[in-house]
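Before we start, here is the structure in question, set down as structure tokens.
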Amino acid sequence: MNCDKYKNGNIAMSLLLKYGAWIGAAIIAFGLPAIVRSSYGLSLLSQVGIAIIFALSYNMLLGQGGMLSFGHAVFYGLGGFLTIHVINIINGGSLPIPLELVPLAGGFGALLFGIVFGWISTKRAGTTFALISLGIGELIASSALMLPSFFGGEEGISGDRMLETTLTWFEFAQQIDVYYLIAFWMLVSMVFMYLLTQTPLGRLANAVRDNPVRTPFIGYDVHRVRTIQYALSSLFAGVAGGLFAINYEILTAETIGAIESGNVLMMTYIGGVGHFFGPILGAVLVTFMQISLSNITHAWLLYFGLLFMGMVLWAPNGLAGIIMVHEPVWKAKLMKKLLPGYALAAIPALVLFLGVMILIEINYHLSLSINPDAPMHMFGIEFDARAPVAWGISIVLIVVGFVFLRRTVKTLNRSWQEITQIMKKGAD
Amino acid sequence: MTFRKLCFILAGIAILSFAAGPATAADTIKLAYIDPLSGGFANVGDAGQKHFQYMADIINGRGGVLGKKIEIVPFDNKISAKESLIQLKNAIDQGIVFITQGNGSSVAGALIEAINKHNKRNPENPVLYFNYAAVTPAFTEEKCSFWHFRFDAHVDMKIAAITDYIKGRSDIKKIYLINQDYVFGHAVRDAAISMLKEKRPDIEIVGNTLHPLIKVKDFSPYIAKIQASGADAVITGNWGADQSLLVKSGKDSGLDVEWYTFYGGGLGSPAAIGAAGEGRLKQVTEWHNALSTEENQPADEKFYLGYQEKYSDGGRAPYYYGRIRTMMEMFVLALEKAGKAEPTAVAFALEDMQYDTPYGTVTMRGFDHQLIQPLYISTMTKVGTQGVKYDVENTGLGWKTDGRVEAEDTAMPSPCVMKRPKK
Amino acid sequence: MLEYIIFSLLNSLLYGMLLFMLSSGLTLIFSMMGVLNFAHASFFMLGAYFAFQISVYIGFWPALILAPLIVGFLGALVERYGLRTVHKYGHVAELLFTVGLAYLIEESVNLIWGRSSVDYRVPDALDFAAFTLFTTDLSAYRVFMLVISVSMFVVLFLILTRTRIGLIIQAALTHPDGVSALGHNVPGVFMLVFGGGCSLAALAGVIGGNYLVTEPAMAAQLGPIVFVVVVVGGMGSLTGAFVASLLLGTLQTFAVGIEYSLSDLLAFFGVTMEAGGILKDIWRIQVSHTGPILPYLFMVLMLIFRPKGIMGKRES
Amino acid sequence: MADIALKLKDVHKSFGNSKIINGLDLDIFRGERHAIIGPNGAGKSTVFNLVSGFYEVSSGDIELNGKAIANLEPYLINRQGLCRSFQVTNIFPKMSVFENVRCALFRPMGYRHSFWHLCGRQKKLNEKTEEVLEKIHMSDRRDIPAGLLAYAEQRALEIGITIAGEANVILLDEPTAGMSHSETDRAVELIRRVTEDKTLVVVEHDMSVVFNLADRISVLVYGEIIATDTPDNIRNNKEVQEAYLGQEVA
């Protein structure tokens, strides 16, 4: 992501190259409803859009500023609550704001809180910051139940998004209208958050993350840089919360709590903190897993936990990291050296996954399903979960998969080493 | 081809492969069950699903209704309002028009709001919501909705039953109120204070404490306060760990009080409380597992044992929601009366419907959609003593009836003003 | 009133000691390895479940010894094959690893023991009232808990001050870099400390599991309170953790008894508040409602104004 | 009397009971290259840390360009026109070489905490960055993450960051530590070139570097300056020889 190459030549071509990703994103965002027509699918996509803004705003802290926060949902939730109150005030009569602009109310409200909490908590980074964010998160989440006139107690605050004034011809009765609004704000937020990384502040946030000791000697107060970055990140989290309010028309205390904060951390980390687009991937994947996977299997939490642990152990740079290590290889036209290795490793990996999956599903069926005695269905095959055959098959699959995976991974590693060497030579 | 292009192509393929539509509805009458099926509250959600499945088994065994079978379709909402709304959309997309849910007033409130809006915005395609356990009074009072039916007694009704029972207990002179510090706890407290004042003005309320929800690990300080107040009885709406820890902590300090609870028999609570509740823990419910023997209802006993055999996980998760049976039977009657599985017609059919349970007649009040049913106060008692035949959750302890409160005595006035669609 | 105060003091002591058992292991782990172990409470839960299972088969007393040993062994394995792998990616990765671990442990417990609470009971030998003071009983089991936790503190203290390994650990607490320079097997010490810390949490689980409720949510419900103890007590200081535990125990116990709110305070000065909305909510909150959130407030203030903690030797 | 850029007056610093700096007086003239030498533990790095605001002064005054700077926050001292490098390499490892230098230019070129300028569009800023890269001979490495550079290159980059901001007083802490002979020669050449018309204070162990580079040398022993003079005079100073230089120079 380097914006500083001054390219001469065909301007149209270079513009397309430069903005291709954005144009593509816009086409995808606005084109998806042509493919996904069900209202459930659109709800899912709407949630994905909200999650993308939220995760990107979180990465402004973790990835760009080196601040690990356990309380980011505070701003998401506050933004949401402020927005729903604003919606109710507008419905009450006197305040003529079109619905399309209402998310900004959440954003700027969250910004104010972000300035205050940011100033309090960013004096120190690292574990101290993490723990302060955790503490503040707990405090705000607890007070949500104690201050029912703002947070609405357990039932939360609800409102009606069908306002009198709108800027567009949408009336926001149907999910599709709301989806377009979310897609619009998602793209706007994405562009702004990307541009922010290209400003002096964005670079200074990187500098503070990389080396807070050195930063004062280029003339900056570390605390102030962090506070501004933190506040701006809250702004976008607030916008995400505002869209949440419009999408669901209800805000409950769960939006502000630790689970939501943990969620956004996982999304961002699984997606990859090192690249701008990482959190987008994470938000898409995790939202899908949480909502659709839970309809397929009750063991989804276990799969999710395993995925997360696997990423932490073997892919600390997330999905984006996995993709981006291949960029130089592709550029050097060496992919053909890797592909056989991947193909070879994919087979035992699948076998291993299948074995683990069968084992997990059998166990869930036996211990947590409605009726353990009923036969199980997997891949259209009906079988008895207590039968030793099923157990035997899964264990054999696991053992075979594991043994061969180890071997193929070794080969894969060797071809990687080879490739790095070739590329090094090429570079020199 | 650039690396970027490759990534875009792959992403495109991924998106297209996702675009599969939902399965079309088969020829069954579907009831969407939206409750937590994973995470911390999954045990409660699982148990509810088993109750519904058991009832569906029975109804389908009789040949179903309107010539169709009933199908329970579970949706996992992880007890989150947000996820519930997404799952509601999911259910509607699958052509399901009957929804049921019970756990969490936050979820129930969100569903009522969402269903009201959905039905207003899509009048040709309405859905109907049966609430089997969310007890916030407002749902059938200020916030009442034509599309919502409640089959559980709400907070004020349960407190009315408890206070009715206490009215006859002249040995209780001092009462302590301890509740969770959120809307539900406040409702329990307020109702208890006003009804006690009305029914037993001589009783002194010696303490009134709110504590934070779920956060308290050690209840001994609260027990010390109760101890110091000299209370004879405690009324609490606490559920889950807040209830178990409270009662257990009371036993450890030798606190000699009666515990009047809403959820003493709630799933997992008897096992968690165990012997600490013997002879002290009381609950207010529409049903418990000793009723069939106490009132000599062998058919109900058979019903209970059938569930225990098939779905109770070796007795660890026993039959609990008597009202789910009532609800499903009334649902079947309403379907038959309406003659079609159409929400508006079913809703009108349910209004003012009466149904005879083994333990008396219940009425779905037409003007606010609140079920009026008799309630029982029962005490946790050792199996084999005082006619208690079955235990709960393999604890060796069961329930024994202390008193019955007739349906009409639990009925509360309601300020409900309902907007009805045209018939 | 006297009765109330005496029992509140006793309660503070008991609760504080339970907190200390839970957090002492974490203090060691956090100070030495810098790992904010989110799975610590999960090991506490594992201790309770193992103890339950063992007590079903061979009784409570063997469980008291066996369960912490098994959990300690598991903890050591986690350190050896998990944490050590992610160590090179930095503290954030280590911390997230423990978050994932907490997830997995909870789901596994669900899978093995089911989603409801298990019937883990106080052993019959201890199920009586030790003595009655005024009108309140003190159960023998609570006395037993007190004895176990105090003796654990003493043993831990002796190990840390009197044995060779203890001295190495102490040195590593304050100067983690220096120890490796002296040629000690630091990875080995880390494994030992992590395993040991986990088994301390498990011991708390064994004796706390039946006093509280043994259920899959018990780890999550405990929440980050253990971090509060570690932070307030200070990095690298067991004594600090001890003092902080007792302090938090007292704070929470006594806050319960104070039923004054801000409006009462203002009324004392002759001011009456006529406010609606959110202000009214704030005025009406009584101190007794805030007991369990006070620790977090305490932690945030501590981190802002004295990040070393009460007795910490260095900042994190 | 020449113009004084940096002045230390009776500066004391102690950590607990141990006194590290004991009444230090030092005048650095504008435009000179001044080396501070001394045996290990004499307090050379401590002096830098005091001047740059890293440590608080126990007592005494420090003046930069005539303004008191003692106990100011480091970033404020930096804004007064002082910049320093570190003994241990101290760059921004995950950012590219170009970004490293550019970051050092934000404040001097008036960008403050701007989040409304796009770096790529700031022509002057980028030209200036290229200039600095040219000066430290790293233009061809501009897009490499700084953490992946070779050691000597990282040190060169650090000097680049330090001088980029047009601070008029530059503090370099052992700029050639850990370098080979040829690398050292190149580094000295670089320092000489980039500190033209600036005031340079350098702490250094390598005596050939010191005598090659410095206009004046101060000798610091046990927290006190025992001599300040030209290289030749220092070389011949008996006291200095006894205290420190000894056989090293001979």
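A few points about this structure:
In this document, chain identifiers A, B, C and D correspond to the written order of the chains, with residue numbering beginning at 1 in each.
Everything below uses one rule, namely that contacts are C-beta pairs under 8 Å (C-beta built on N, C-alpha and C of every residue); 3 or more make two chains touch, one makes a residue touch a chain.
Note that the coordinates shown come from a computational prediction; the quantities given were computed from them, not determined experimentally.
Any chain bridging chain A and chain B, meaning touching each of them, is among C; the list is complete.
Seen from the Cα centre of chain A, the chain whose own Cα centre is farthest off is D.
With centres taken as mean Cα positions, chain D sits 73 Å from chain B. Distance between chain centres (mean CA atoms), chain A to chain D: 43 Å. Rounded to whole angstrom units, the spacing between the C-alpha centres of chain B and chain C is 34. Between the CA-based centres of chain A and chain C the separation comes to 32 Å, rounded to the whole angstrom. Touching two or more other chains at once are residues 110, 114-115, 223, 289, 292-293 of chain C. In chain D, no residue touches two or more other chains.
Residue numbers of chain A whose C-beta contacts span two or more other chains: 142, 146, 148, 301, 368. The list of touching chain pairs reads A-B, A-C, A-D, B-C. On the chain A side of its complex with chain D, the touching residues are 2-4, 195-196, 198-204, 206-207, 209-211, 213-222, 224-225, 228, 232. Residue ranges on chain D touching chain A, taken from their complex, read 52-53, 73-75, 78-79, 83-84, 86, 90-96, 98-99, 102-104, 106-108, 111-120, 126, 143, 161-162, 165. Chain C makes touch with chain A in their complex at residues 34, 36, 82, 85-86, 89, 91-93, 95-97, 99-101, 103-104, 107-108, 110-112, 114-115, 223-224, 227-228, 231, 276-278, 280-282, 285, 289, 292-293, 296-297, 299-300, 303-304, 307, 315-316.
By the touch rule above, chain B contacts chain C in their complex via residues 40, 42-43, 46, 181, 209-212, 214-218, 220-222, 224-225, 227-228, 241, 244-245, 248, 251-255, 267-268, 271-272, 274-275, 313, 316-317, 393-395. For chain A in complex with chain B, the residues that touch the partner chain are 20-21, 24, 28, 32, 35-41, 43-44, 47, 142, 145-146, 148, 153-156, 158, 160, 162, 173-175, 244, 248-250, 252-255, 290-291, 294-295, 298, 300-301, 323, 326-327, 330-331, 368, 370-371.
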